[in-house]
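Quick one: the structure is below, and I'll ask about it shortly.
A, B, C and D are the chain letters, set down in written order, and residue numbers restart from 1 in every chain.
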Amino acid sequence: MSATWGEKFKITLFGESHAEAIGAVLDGVPAGFRLDTDAIAAEIARRAPGGDLSTPRKEADQVRLLCGVKDGVAEGTPIAAVIFNTNVKSSDYSQLERLMRPGHSDYGYHVKYGGHNDVRGGGASSGRLTAPLVFAGAVAKQLLAEQGIAVGAHILSVADVEDERFGTQIDPAVFARLSAMRLPLLDESKTDAVRAAIEGARKDGDSVGGVIQCAVTGVSAGVGSPFFESVESRIASLAFSVPAVKAVEFGDGYGLTKLRGSQANDPMRYDGGVVKTTTNRNGGVIGGVTNGMPIVFDVAIKPTASIFKPQDTVDVVAKEDAVLTLKGRHDPCIVTRAVPVIEAIAAIAVFDLLGR
Amino acid sequence: MSATWGEKFKITLFGESHAEAIGAVLDGVPAGFRLDTDAIAAEIARRAPGGDLSTPRKEADQVRLLCGVKDGVAEGTPIAAVIFNTNVKSSDYSQLERLMRPGHSDYGYHVKYGGHNDVRGGGASSGRLTAPLVFAGAVAKQLLAEQGIAVGAHILSVADVEDERFGTQIDPAVFARLSAMRLPLLDESKTDAVRAAIEGARKDGDSVGGVIQCAVTGVSAGVGSPFFESVESRIASLAFSVPAVKAVEFGDGYGLTKLRGSQANDPMRYDGGVVKTTTNRNGGVIGGVTNGMPIVFDVAIKPTASIFKPQDTVDVVAKEDAVLTLKGRHDPCIVTRAVPVIEAIAAIAVFDLLGR
Amino acid sequence: MSATWGEKFKITLFGESHAEAIGAVLDGVPAGFRLDTDAIAAEIARRAPGGDLSTPRKEADQVRLLCGVKDGVAEGTPIAAVIFNTNVKSSDYSQLERLMRPGHSDYGYHVKYGGHNDVRGGGASSGRLTAPLVFAGAVAKQLLAEQGIAVGAHILSVADVEDERFGTQIDPAVFARLSAMRLPLLDESKTDAVRAAIEGARKDGDSVGGVIQCAVTGVSAGVGSPFFESVESRIASLAFSVPAVKAVEFGDGYGLTKLRGSQANDPMRYDGGVVKTTTNRNGGVIGGVTNGMPIVFDVAIKPTASIFKPQDTVDVVAKEDAVLTLKGRHDPCIVTRAVPVIEAIAAIAVFDLLGR
Amino acid sequence: MSATWGEKFKITLFGESHAEAIGAVLDGVPAGFRLDTDAIAAEIARRAPGGDLSTPRKEADQVRLLCGVKDGVAEGTPIAAVIFNTNVKSSDYSQLERLMRPGHSDYGYHVKYGGHNDVRGGGASSGRLTAPLVFAGAVAKQLLAEQGIAVGAHILSVADVEDERFGTQIDPAVFARLSAMRLPLLDESKTDAVRAAIEGARKDGDSVGGVIQCAVTGVSAGVGSPFFESVESRIASLAFSVPAVKAVEFGDGYGLTKLRGSQANDPMRYDGGVVKTTTNRNGGVIGGVTNGMPIVFDVAIKPTASIFKPQDTVDVVAKEDAVLTLKGRHDPCIVTRAVPVIEAIAAIAVFDLLGR
């Protein structure tokens, strides 16, 4: 029941897709830190819909800072950031109080909230709530940059199309390049194939999912804790907060289970006086604590639940089986828009852990 | 830096492998609840080493309840459970203050704790600390059983040997059968192959990993929350606390990314007046909240980091490269022993969420 | 550094006196609960300035609910409540970046925030931030009323003028009467004396403080916990969050230290089948847990720090001693306006503890 | 229901007076910190009974560190400290399952725990649980000393006998002198009067209470936060966790309500380049944050609830009124033994706030 996450860098999330506003309260931005509002707006824009691969709905998504910032500088007190919902079309959602959308949270929420939840636009589990997360992540990225830490991500796969994986060494310069791409891929030759997979699903009134791989470079060894505050626990608890994320793995993850220990253990060497590993199969974290290598993880994003094909479902008012055919505007693939969200949660999780 | 997890059912973990004791404080066991100490001992025994597939070291692992329980009945106050370390052989660990074991937390902890951490037996990230987790899980299981909720797990794979997956419907009776097996497999015909994979690694002085699939049946729809207290976030934050866990997926997880939405969305039907889904690809949780289907997740366990082959590493005292050859007693595969641990964290996470 | 308080009923507070807005996010209002917005407005109005005893500044203080409520009914998701600051006069505050106001938080905040805090109107410690607390308290009161629990308070003293104390039995009907009074006194004959004390201070450009006594009736025995979640700990942690509160006592508090145990121990009797005490010197809480009697506590409110007499202080820019003479609009006594605030924190604290 | 307190310095408390043990898990002691075990033992001894003014019961109260410390040096991992209960006489407590002791937590706990709580020796609200608090406080004091921060306390009153108050400037050397006194008084000429008050109560089978004043010197300005993490909130939440504490005030507390603002506002001056106040009526904290002056607070300790006079009470088994006459061993005044406990909670609260 908690909308609040974090210890040193605490975020409280609120809003529904069709309420007056969504937003977040951010506690823990150091006094005197100058926010780069252009960079924040750019991150928000990366998540916003509107491209040719995405829903045609136009959202303004302007972040309004109600307090905690004066003349662009953080005061050290909580920052309340609000995005007013300016473009809501509630008429699309009339049947949703009866018919539960398969793959959506509708039925679970209907039971949890006794039917009082707002079903319009996904309500409390709406992807729109990731916009305030991206805001918080943009602030965290700026705070991390001061310490030489960078965060970036790319599309590792969409449907069956696969990108390369990050290598053992990661030059953070690649992150800037990726963040400027509409389809951030390490292997740009896959762009058309990804596009084709998404367009194919759209034409069929269907959807596709994918995998996003994220890396955090510049984190020194010794961050995190054994057990409950492991780096993995903290990142995963945020990653699984993002709607549609169904899996998280660090380093080679499931791939490690096919290796022997002699292959999975990353060998260590001194490199210019610094301890490094010659492979990074463990994703920069062992025993919950960083080892100085890039933190690398990826998340599985399931196909968008909203599709236009008829689906078997239930009518919770009539208490009978039914068939649902959705109308409206929906992304056939949210993987691209989720990239900045995954970067954001990585930034939030890592900044919150630093100095603890 | 927090050794405490949970809201309604709070566990505080302490101890190192070679300290005087390990243990946990458990806060939130309802007053008047009669603990089944035999069942607790049985769970602890499942995790204990000693079988032919495991380390030859004998550990007594007797749980001593210091307070919070009177005549076998919980008083409602915190229960402190302690396991004294009776069989520690510190002489094996002399070189470990210099040579960092690849695949282990040694280097990260060396930096984090400034060299003051106890390196013997894995120290603060020792697998031994999962024994108090199993204790807490055993209590949680008993509390869940009162509400008709059951927890079980099986080995989904070891190295390349794969078991069947849980089906859409899960009869909790299968959990009792699995928990009595030394190699809990749904497809028992794979027993010899699993055994061969482990023995093969042992003979080579190497190790193997695997995947554990866990299910929780009987949880009604509406448990969990959107965003930060999603069922996935809570289970994953505990699962990633367990040493060697490198990935967590719910339902079909990564498999969902290869499907289209029309395949990934579980269709809903009334079944005897109850809403069910005809597939359970989402693992019983959507938008962070249960939908009444079994909660199903699996975790990747990397190969045991302690192997007997020479490994490239660093000497942090001499600050130079080195080769480490470990001696002593180590499991070539901890997947089997981790099965009750994963059940435990599932039980803890679900019980903590109920009624919130 | 936490702006968030509570477990089951969680409030996140934000804003400064001269920022764009102040507000709170309220997490834990049960889905389906119909908010009485008139009652909320009435509570906010009780705290608002504007009476003849208070600052002449007019504040609108309209609470705008951004999300979490639909058609007046709580959805079960976080409620974000915002009060826009419509009547700020920043020109009054120009000298305050140099001269620290004695009795104010100015100097501590100047150091804490490195001079980046907003000094206008009290900034982050402004009494204005109690308005969102009153909002949250108004919601808590409504939730408590459903369970037969009532909250009320009166002015126990202003300067040397003393009101009666609540008796052992408290009829909640008196709370309604008190809440309608501008100077809520049990002994109304003291009204003129209180008024004279306040007006006397105003004429002298000075201020007075006082004591507020608060009671919560209808709480059954067994609420609270030993030690860290004692009822006293929870109420006190909130009470001391309110600016100008310098002391909190339960029941007879300091008076108990002048009694012997035989006088301080409240005798117990069955009264219509219910256990009651014949005195309530312990204020309804013993060992951290309620005993079924009214919870009674009082708080000391220091004299308003803003006065118009010249005061010795420091100039933190010139780093030299200085004399400060404040201008502007200030209450000579905030005790009356603090009454609904103290009721609010009592309601929040008690509701948060119920059912835990 | 939480037995855990703190953020950076987290304490989890467990045990009952007549369980096998009491203790605490301490999380947040920096790796490499050498614990002064003699100083810890000395603090524990200050709290222990045995003097001529106290209960004749002998308690060994030896703290055993189960983990987190190696060769006297903190490893950075949780420290579990256990005190085994070696001298329990349960036979004294047979009637207490029926007859609720007035002034004790018995009735509230009986309801809360459904009669499953351990009534022997005060059970979960036993003063014995303050021993682990003193342990944690002793560690905190050592950590604070490294930063030039000292904590001390004295008896401000017992019954009607009053000591002097701490002055505006406090030389921490006085703390050492006080901590060596059985009756720590600033005005030693009051020793006999205090002794007479306690002995008089003992002869009457009755008890007396008193007030303890505590000071923390050396804390720089800027520690604490506005609102929920105010220094006062944090200290008070711990102080009210201590059994028998019924009131807490900072600085002049209730006395401030009798002053005008021009008297209550502490004037500020530069003193050797440092900002100081010429009085310290606000107890070193304004708006939740320290101002660099000593933090000064006092707490009211009610008379010991266990007295030997017959008392009206209820029999919760027979559900009828009854008269209780206690036997056994009880302190006629716990104020002296509570002095190190109040110092402990001050040290814990302040250390937890530093650097946040």
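Everything below uses one rule, namely that a residue touches a chain if its C-beta (ideal position, glycine included) is under 8 Å from a C-beta of that chain, and two chains touch if they have at least 3 such contacts.
Keep in mind that what you see is a predicted model, and the values were worked out from it rather than measured.
Chemist: Specify the chain most distant from chain D by Cα centroid.
Modeler: So the farthest one, by centre of C-alpha atoms, is A.
Chemist: Look at the interfaces C-D and B-C and say which one is made up of more C-beta pairs in contact.
Modeler: More C-beta contacts join the chains of C-D.
Chemist: Can you check how far apart chain B and chain C are, centre to centre, with Cα atoms defining each centre and the answer in Å?
Modeler: Taking the mean C-alpha position of each chain, the two centres sit 46 Å apart.
Chemist: Rounded to a whole Å, what is the gap between the Cα centroids of chain A and chain C?
Modeler: Computed value for the inter-centroid distance: 40 Å.
Chemist: Mind checking the centre-to-centre distance between chain C and chain D? Centres are C-alpha means, answer in whole Å.
Modeler: The computed centroid separation for chain C versus chain D comes out at 26 Å.
Chemist: Which chain A residues touch at least two other chains?
Modeler: Within chain A, residues 1-4, 7-8, 13, 77, 112-113, 124, 226, 356 contact more than one other chain.
Chemist: Could you please specify the touching residues of chain B with respect to chain A in the complex?
Modeler: Answer in residue numbers: 1-5, 7, 13, 100-105, 107-109, 111-113, 124-125, 129, 157, 159-160, 201, 204, 206-211, 220-230, 232-234, 236-241, 243, 245-254, 256-270, 273, 275, 277-278, 282-283, 285-292, 300-307, 309, 311-314, 316, 319-321, 356.
Chemist: Which of the residues in chain C end up touching chain B in this complex?
Modeler: Against chain B, the touching part of chain C is residues 7-8, 77, 226, 356.
Chemist: Under the definition above, what is the set of chain A residues touching chain C in their complex?
Modeler: 1-4, 8, 10, 12-16, 19-23, 25, 27-28, 31-32, 64-68, 70, 73-80, 82, 112-118, 123-124
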